[in-house]
Amino acid sequence: MRDLVDIGMGRTARRAFGLDEVEIVPSRRTRSSKDVATTWQIDAYRFDIPLVTHPTDAIVSPGTAVAVGELGGLGVLNAEGLWARHENVEDALLRLVTAAEKGAEPAELVRALQQLHAEPIRVELITEAVRKVREAGVTVAARVSPQRAAELTPHLLGAGVEILVVQGTIVSAEHVARDSGQAEPLNLKSFIADLDVPVVAGGVHDYRTAMHLMRTGAAGVIVGYGHCDGVTTTDAALGIGVPMATAIVDAAAARRDYLDETGGRYVHVIADGDVHTSGDIAKSIACGADAVMLGAPLAVAAEAPGQGLYWTSAAAHPSLPRSRVLPVAEDVEVDLRTLLFGPSNDADGLVNLFGALRRSMAKTGYSDLKEFQKVGLTVRS
Amino acid sequence: MRDLVDIGMGRTARRAFGLDEVEIVPSRRTRSSKDVATTWQIDAYRFDIPLVTHPTDAIVSPGTAVAVGELGGLGVLNAEGLWARHENVEDALLRLVTAAEKGAEPAELVRALQQLHAEPIRVELITEAVRKVREAGVTVAARVSPQRAAELTPHLLGAGVEILVVQGTIVSAEHVARDSGQAEPLNLKSFIADLDVPVVAGGVHDYRTAMHLMRTGAAGVIVGYGHCDGVTTTDAALGIGVPMATAIVDAAAARRDYLDETGGRYVHVIADGDVHTSGDIAKSIACGADAVMLGAPLAVAAEAPGQGLYWTSAAAHPSLPRSRVLPVAEDVEVDLRTLLFGPSNDADGLVNLFGALRRSMAKTGYSDLKEFQKVGLTVRS
Amino acid sequence: MRDLVDIGMGRTARRAFGLDEVEIVPSRRTRSSKDVATTWQIDAYRFDIPLVTHPTDAIVSPGTAVAVGELGGLGVLNAEGLWARHENVEDALLRLVTAAEKGAEPAELVRALQQLHAEPIRVELITEAVRKVREAGVTVAARVSPQRAAELTPHLLGAGVEILVVQGTIVSAEHVARDSGQAEPLNLKSFIADLDVPVVAGGVHDYRTAMHLMRTGAAGVIVGYGHCDGVTTTDAALGIGVPMATAIVDAAAARRDYLDETGGRYVHVIADGDVHTSGDIAKSIACGADAVMLGAPLAVAAEAPGQGLYWTSAAAHPSLPRSRVLPVAEDVEVDLRTLLFGPSNDADGLVNLFGALRRSMAKTGYSDLKEFQKVGLTVRS
Amino acid sequence: MRDLVDIGMGRTARRAFGLDEVEIVPSRRTRSSKDVATTWQIDAYRFDIPLVTHPTDAIVSPGTAVAVGELGGLGVLNAEGLWARHENVEDALLRLVTAAEKGAEPAELVRALQQLHAEPIRVELITEAVRKVREAGVTVAARVSPQRAAELTPHLLGAGVEILVVQGTIVSAEHVARDSGQAEPLNLKSFIADLDVPVVAGGVHDYRTAMHLMRTGAAGVIVGYGHCDGVTTTDAALGIGVPMATAIVDAAAARRDYLDETGGRYVHVIADGDVHTSGDIAKSIACGADAVMLGAPLAVAAEAPGQGLYWTSAAAHPSLPRSRVLPVAEDVEVDLRTLLFGPSNDADGLVNLFGALRRSMAKTGYSDLKEFQKVGLTVRS
């Protein structure tokens, strides 16, 4: 079932593929992009486009969470980010942006972000942010880390969160604690069982971890950790990485097997990484994702809080940062609506992200996301 | 028959190869390039060289269509391009070229082209352009999109078109229409059956679509969509792409099987993409193409309307452009005849395109195009 | 057992992989990095971290050897380098650094180093250097070449060396001498048998050489020759090279087979090459190494004698230098402790090298180095 | 026996490998480089090092042919190059070098070379050049093209040529002539049979052509056409190319089979291409070559007529040049002796080319070239 390679005597490694190595093959049919549906649904929540935002402060403020919701996607606030720690986030971000404009070294920008995150989380700040999204009437989602999920979740639910995202670089169903002096680790299964809202959890990187996470009762599983070339550096720092095409395919296999195991429980697979262009969104779905978690591609939006900078929350880790703070493509200037739906003057797949997805589905003859997961693929190797 | 790779659990992708990954192997014979024939024939029309122009305004004006015809190839006018929309195309192109020279951003050039294409098609303009080619006595060909084929074709035939090219990024024999409110999609089979002229249709990317298109009665099938690295961006925008070596080989397999199925009907395979040098022309034929559709390599000709710029018509798409408007190699300055037949002072395979093809055939011991389709190949992988 | 490729008629080559081609796959468990042990032990000597320094003067002075020892690793002095040849090494290095700052050509820096190495080895200098390390109370190690091992070792042991490193670019258990006029080559087996201290020997590149070297009685075997892209040039100069992932896996296989053959003698595998980031350290262990020999990654430390330059001792070869003298990353400024244990403001895997190893082990669910050697791997190919 | 890949339906291509993809693996033995022999012999002519010069005017003047001979290699004059066409070659080359120094465009340099080659061949000039080499007492070799071999050879032999090189980009044993109006093509077999001197012929690229060429009676077969990245452009112009590792291995297989077929006739395989460093020389021998034909690596010698420029004779083709005229590495300044035998201050494998070969053989435990052809190889793929 798996394609194994001998990398030396007595040791095999599995061949794995990135989205850049696969391409979609048209089928013998075509259709009009007007005849294509991109809707999907998680629990009772229905969305026009398979878009979940990566919970980084660089793209998600309460305001952009509302805007994404109004445009048919799901915005996810980071409940442990700047909006949870600072009363005046705009000022904090301005300092970061100003430093970048003055040519600060990469390490200085990381340090500045680390310092902004050194402030404690204040429950009243993050619940206030959640309430702002709630008031706008869109679906409300927030992200917590496994470490602080137990502490923060009650407050978030109280403020109106409807979908909870439990997300770390790598999240497993089984966190082993050996040192009895440490805090009890999160038991995801009982945690989810006690909640009334659907939980999306991850990232996972392989079939087995995805399967175990599905068995905890999660409504959705995140594949990947938001990596995009040049920004995240988990591979450089930890040596860990699973190319996204393979990781998505494996999680989709777990979804299928879990569906069979449970006689019908469908857990959504949300791909979080390696997406740079609209073509990569199409490839993620084609590999089996139900939706994509977008980070860097949204940072070019005029409304993005990062104002031309992008980073993931791993950039703020106090002792081992694993994301750079980087400027985004300068020559794309669009509002969020145009970024998602066009029209575009950009020939590089950076604008009209979901119009492009519709067109990709139409040109290959598919009419909905679920069907499109079966489209033919080629691989360069 | 196919080389499949597991890209994850339960999902295979086909290994596919680009022209840059294959190379031609000499055989044990050599011959003189004077003993080599490069002629080919589609229906009653015979050509000295296997050259069809990609129907982009950047290289095909009525004047260059005539020049290409006189030099032994087939020029194809774009019946939906600038010559169909503007009385004074030269002025329109001058504005584009001037903007480029002033250092316009990529998006500005795309927007300028979109605006030029926002003008409506005027039948009297395109038929006048066709007549000019007709008067010169060369074979007359024009390209329509599937969407406007029914509307424009009668006018084009009336003006003297002898070979009709029905071409979109991806064309299938079966365009599915679900929404009854839409216009009836083109039924290629009955459309072709009703015409007296040979039809060349495409692009296709795989065996099955090629086979279905052959069964519509097309005289030729176009493989690919004119992509060349750095210009077209179908992969970035849509995630769609089939490397050309594999796509040509597959279409040639369809040609062989269809020949057998029909007891002798030979449909020509025309390769449209990934050709940057004369070596790529040789490789396209070596993979099984009967002729190549050339775009960017012709843009260096002094006569090219683009005057140093190249783009494909996908650059003008109103909401999702998929081609850049790019400057071509500056240091090559040649007329069309020299570009095709030399002599050359260029060591990079950019000049003497068809003299080089003859030499490639001669050095590997082949005397005509059909034989050369069997030459040995190596692949780097 | 081996993955062989036909590279032509009648000749096979083995597929080999570099560390950059493999990635670590998380397992279904995670744990806290506080629950992870990185200790290892060679003979009676126990170390907190699996770090051995590459014996180049660019990073190891008596002072840094002590510092590395105090931080839990093993510093190895080069007994044939500058500290063995010059009374005032600081002055010598200053000339080199000054030349580099003045923009000397690569060949000039190599020549300068060759000249510094043209001075003879003086036993009193190197024994004095060894004594300085000894006095600090850390484990004392020094490196000799096979050519001079017999001559220098008694002096080194007399000065207090506790672990002897016999290291050349390539060291075999069987050095064939044909010319009777030459000095008797080193017989490693009898040499080691006669010593009371554990010997680490290498580099080796394949299973068979590793196995033979284990049979000489070595306590540890070094895999690789300290190569890192851009610095060492053994491949360019000699055409010799085995990508490190495969070389480490093979040596680990030899360790396993030798353990079985001897009924329990465990020879340590120390990986010396291809390590640029903390992720590469994790990958080296994941491939089967017991420890890593670090060169270039330590050259950014403020204490490094190279003061911003890095080279390996092969740079000083009098007739065929195989290492450049190169500046190291300028924008990292840290002391050795921070380099090894953080905290870090660097997002590129260059700082907090062993904190990152702990985290990599924790996130993939492993609690000690020996277990971590079994973690799952993927390969891009 | 061959590793075939499906590149599409019904079409296979052979996987082929370049020298840059293979690496030499040390064996379990080492020896001293003083115990290594690099001698080889073709017919009655014995050489200290397996070096034949590529017959380009950029590196071979009568003077450098003598120098190479005195240093133990074989210099080959191009009997159809500048020394055959100009009385004062130094002046001609000075014009070229001056144009390059003034920043001439690549096409201008090619045109200048084409013009220098437009002068007719004068027998008295080339025979005079041959005599100069003869007088120095080294082995005399000259290269002719298949087209002019019959005409020029008697004069060359009369002037003292001892080894004749018949060389074109691609040379086959069977040149097919269809057009009766053309000159009779060279029949290599009868041509060689009529000569008293050994003939080296090529280039060939595969087993079958090599075998046929061996059967003509050639004493040596040249594999490749002198290509080196950035200089020759046969692939770009003609689409033709066989990566050298595979091509050499195949020719060595032909040598072995021909040896068996003839009961003992050993035809030498001379590798001509892809050699940039001393490591590539070692790899060429390791793949099965008996000697290497060196071009660009010799162009850095102070004595090289190209004075800092390199090109192959294909640059002078009147209608389809397939070599650039390029500056060589500026920072290497050595005389020919140092280039071949060191000592070196260069860490990039560009100097001490044959000292490095000795060391490569010694470090992997081999004592002569014939044995070294069996050394283990790895491949990256």
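For reference, chains read A, B, C and D in written order, and residue numbers begin at 1 within each chain.
Definition applied: contacts are C-beta pairs under 8 Å (C-beta built on N, C-alpha and C of every residue); 3 or more make two chains touch, one makes a residue touch a chain.
Remember, it's a predicted structure, so these values are computed and weren't measured experimentally.
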Reaching chain D from chain A through chains that touch each other, fewest steps: 2
Between chain A and its twin chain B, rotation from the CA superposition, multiple of 5 degrees: 90
Interface residue identity across copies chain C, chain D - same or different by half: different
Between chain D and chain B, distance of the C-alpha-averaged centres to the nearest whole Å: 40
Rounded Å distance, chain B centre to chain C centre (Cα mean): 56
Residue list for chain B, restricted to those that touch at least two other chains: 15, 17, 246, 381
Touch-based graph of the chains, sorted into line, ring, star, complete or other: ring
Full enumeration of touching chain pairs: A-B, A-C, B-D, C-D
Partner chain A, residues of chain C touching it in the complex: 1-3, 15, 17, 22-32, 34-35, 207, 245-250, 252-253, 256, 277-283, 286-288, 331-332, 342-349, 352, 355-356, 359-360, 363-365, 367, 376-381
Parts of chain B lying in touch with chain A, wherever the complex brings them together: 5-11, 13-18, 105-108, 110-111, 114, 169-179, 182, 185, 204-206, 208-209, 212, 233-243, 246, 315, 318-324, 381
